[in-house]
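Next come two complexes, and both contain chain A; in the first it sits with chain B, in the second with chain C.
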Partner chain A sequence: MYYLGLLAEYLKNYMKTRLTYRADFWVEMISDLLFQAVNFIFILVIFMHTDSLGGWSQNEVIFVYGFFMVPYGIFGCFINLWGFSERYIVKGEMDRVLTRPAHNLFQIFLENVDPPALAGSAIGIVIMAISGANLGLSLEWWTLPAMLLLSISAVAIYTGIYTALTSLSFYSDAPTGILPLMYNIQSYGRYPVTIYNRAIQVLLTWVIPFAFVGVYPAALFLEREEMRSMALLTPAVGAVFLAIGLLAWNHGVKRYKGAGS
Partner chain B sequence: MSDSLMAQAGGRPAGGPKQGKRGLLLGAYFDFIRIRFLTMLAYRVNYYSGILIYTLNIGVNYFTWKAIYGGDESLGGFTGAQMTTYVAVSWMARAFYFNNLDREISSDIRDGNIAIQFIRPYNYVLVKMMQGLGEGLFRFLMLMIPGMAIAMLLFPVQLPTELSAWAGFLTMLFFSFLINSQINVLTGLSAFFVENNEGVMRMKRVIVDLFSGLIVPISLFPGWLARVLEVLPFQAITYLPGSVFTGRVQGTGIWNVLGIQVFWFLLLLVPIIALNRAARKRLFVQGG
Partner chain C sequence: MNAIEVRDLRKTFKVQKNREGLKGAFADLFKRQYSEVTAVKDISFTIPEGEICGYIGENGAGKSTTIKMLTGILVPTSGIVNVGGYVPHAERERFVQEIGVVFGQRSQLWWDIGVIESFQLLRKVYRVPEQDFKRRLDELVERLALQDLLNRPVRKLSLGQRMRCELVAALLHNPAILFLDEPTIGLDIVVKSEIREFLRDMNREHGTTILLTTHDLQDIEALCSRVIMLDDGRIIYDGGLEELKQRWGTGVEVQFQFGTPTKLPQLQQWSADMPVNWTAENELNAKVWIPRELNVSDLLAKVVGKADITDIKIIETNTDDIVRSIYQSGSAEKPAGLLQAEKEAIHV
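Let's look at the complex of A and B:
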């Protein structure tokens, strides 16, 4: 309850600062969507030259793309660890955060909420509805609850991976460069992983499980039997990776000594 | 650095004050390349993960294209083998020409550091280009070459056999760096006019990756879009050098595509000079 109250307060503050720079709000939202559009254009272009991508039709690949956008938007809104090392450790902001009663990671998330990112989730739902209708997918009683559960699990996976990677900055001086590159890799979870070779499949499934934020859970709604068990595994993978992320973070905070002066 | 500059200046008293000053300035520009290279070298461990990730990018794209080709012989004028080579060389070229000059310039403008930069007796934009070159040199030696070697071990990449293709490609690669850096400088200088240019920088990144042919070779785009992209500067960054490397452009054709790059390099100088002039008049520092 206390944490929900904090969330509301921070959102209110966010709106106030944002209204001062209204143009930025729109520019950021549009440029966010543009990043996502690259993959969409890629899908459109490749299906001009082929009918199927490893046995998946254009509508199926687009459906996966739509599903991918939903957890990604939620993650982008609430969990934002860009430039953590520079802003919180180098500039000493972390000391301020640590003196307050709420959990430090939660405060950092709150200080960086980014509601425009949710526009991506909304568009993702529209894309799923359109491509789902084209495919003649039926809406069962379990569809919406399952979608909610799998989206939350996917957000947990993102959070776990990025929290663990960001917590590296407690252990080493300048491990930057990994995070931006991760952003590149995660979009590969949008394509049917079966087209890749064994090594990349294993990597995207068990090491940095980005297949679980896109193609595996979406396969459940596309009624693709071969990935059903993977889709049902998504919540477990989410729990495991979130736990790893939080453990790495808490352990890192214990080691934190401040950046001097 | 200042010590060596002083020594340099002191060692040449006979050259007259004017010539001495010019020598000093050239030396200073050279030092910007050297220092950025050494700085990057000091943090080289951080970039080793980059080789891995670029290789992974190549791998994923390689398998995606393989699935797209299916049984087809060629798509958009690319054979399967050419596409593999194109994907590998394009991503590795990006490992070389990529830099964050746009971010560096915007943050200089936003935190007011630009005022001090303008007072100093050198050309700020030129200094940035030199620093970019130092970074590029590092990326070429430590990222692109080892990355390409790994990519060749893992995927069926075909290196060109003609000497002209190698000479043409390496020259064009340098122009890729120049044109990409020019676009970065222009994006960075836009911070003078829009205050928060985060959105502009992100858009630039998307446009360069997409329209340079890195993600989809330009000949695979629908006809109307391909024709539009052929009159924009972005194809000069990835698509044209890649075409030479894969042997799709040969002989005198290499001179033609190199000519396109030189044309864009010269043309992009105009807005940079104009923006730089206008910016000096417009400068106001937020906050501070």
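Let's look at the complex of A and C:
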């Protein structure tokens, strides 16, 4: 309850700040959407040359992509750790965060909320609706609750991975280059993993489980039997990775060294 | 009841050594060398409730590191810390509810929103009930004359205005203990004395315990009954300010200006029965050092009738000089001999 209240308060302040820099708000939203559009067009271009990709039809791939956009948008909005090391460790803003009576990681999330990213989630839903209709998928009673649960699980996976990786900056003096690398790898998860070779499939499933934020949960709605068990595993993977992330973080905070005087 | 208790507190940082040159940089890439730097070396002190304590020392003496351990930001390498009944780093979220923190070089406030909105946000963060918040805010705003600033964004405030707002932000939840890290840094004289007066009132009215670090010794003189002096991670002095002055301000210097040339041996002869130390720049100017135990007027009585004096200056060593010489010698134990004081001249 306390944290929800804080969230509302921070969002209110975000809006106030952003309304003073309106142009900035729209530019950010549009650039986000353009980025997604380019990826989307990429899929369309591929399917101009072939009818199926590793056994997946165009509409299926697009549906997976649409599903991926939902957790990705939520993650981008609420869990924004981009530039953490620069801002909080190098400049020492972590000092301030640590002297306030709310969990430090949560405060950092709140201070960096980025609502324009949610536009991606909205578009993802539209994409799923359209491609779902093209595929003739039916809306069962469990579809919406399952979608909610799996989206939240996917966000938990993202949060866990990025929190764990970001907490590395507590251990290492220099900002690491591993985060940009991750941002590249994560884009593999938005396409059906079966199109990749075996090693990458294992990597995306068990090591850095980006397949669980896109193709596996989406497969449940596409009624792909071979991935059903994987889809049902998503919440568990989410819980495990979130726990790893939080543990790594809490342990890292103890090693925080502060900056300057 | 002690507000702050520290025993054998130590903090060691592992610092990466950078080897020289491009070759060194490559070597560092594969095998890093670390050295340990102990910023705070087994210090112990206690601060009773309601005390204002100054924490001074040169840059890099370990002041900020100590404050950061006391506020729960850093985890100590070893030793015991207890602040307001909490172990700061272990129970951080509950503990920080009870303290206020102002870091002079860093802002608590949100840059782009109005000051009052920052306060509202902090109210939510600290879970201060609306009623208490209103009363407290009104009191603080009036006390620090912030009425006109409340709706301005923080980035448009001057440093002095911002610092007053920072104080309000740190005190909204009515903390029992206040930590101030260089609260008057970069402020003009008027704002400085406003802030000092405010802190004194806070301490008197609410019994707030205050620990402040500063480089401005006038802060200390105006506020603190006690100083802790740190050098190279160790406490070199802990006690009253008056005591420090007495121990270190070893005497008084008197400067004479004569109308007619007066020779040094002559002066020494006049005061032959007193253990004073004369120096003369020329025949018209002379200085005498009088130890604390002696009476200045006794010496004056010996000289005034005999010489043709045009001016007398009595110079007492002030805290700045005392502290400077302590920093230079690195220990508060042995007096550094004659202090060359130039300030606080009293014309007779």
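Assume the second predicted complex is superposed on the first by the 259 of 261 C-alpha atoms of A that agree within 3 Å, B and C clash if a C-alpha of one lies under 4 Å from a C-alpha of the other, contacts with A are read in each partner's own complex, and residues count from 1 in each chain.
Throughout what follows, a contact is a pair of C-beta atoms (placed from the backbone, for glycine too) under 8 Å apart; a residue touches a chain by one contact, two chains touch by 3 or more.
These figures come from a predicted structure and were not determined experimentally.
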item: Partner chain in contact with A:Tyr2 - chain B first, chain C second, else both or neither; value: second
item: Partner chain(s) touched by A:Thr17 [first = chain B, second = chain C, both, neither]; value: second
item: Partner chain in contact with A:Thr50 - chain B first, chain C second, else both or neither; value: first
item: First (chain B), second (chain C), both or neither touched by A:Ala243; value: neither
item: Chain B versus chain C as contact partner of A:Leu139, first or second or both or neither; value: neither
item: Chain A residues touched by each partner, larger count belonging to chain B or chain C; value: B
item: Chain C-contacting residues of chain A that also contact chain B; value: none
item: Touching residues on chain A, where the partner in the complex is chain B; value: 21, 24, 27-28, 30-32, 34-35, 37-38, 41-42, 45-46, 48-50, 52-54, 174-178, 181, 184-185, 188, 191, 195-197, 199-200, 203
item: For the chain A and chain C complex, residues of the former touching the latter; value: 2, 5-6, 9-10, 13, 16-17, 20, 92-96, 98-103, 173, 254-258, 260-261
item: Chain A-touching residues of chain C, taken from the complex the two chains share; value: 13, 16, 59, 64-65, 68, 71-75, 89, 92-94, 96-97, 99, 101, 103, 105-108, 110, 112-113, 117, 120-121, 124-127, 181-182
item: Residue ranges of chain B touching chain A (in the complex, touch as defined); value: 43, 46-47, 49-50, 53, 56-57, 59-60, 63-64, 66-70, 72, 75-76, 196, 198-200, 202-203, 206, 209-210, 215-216, 220-222
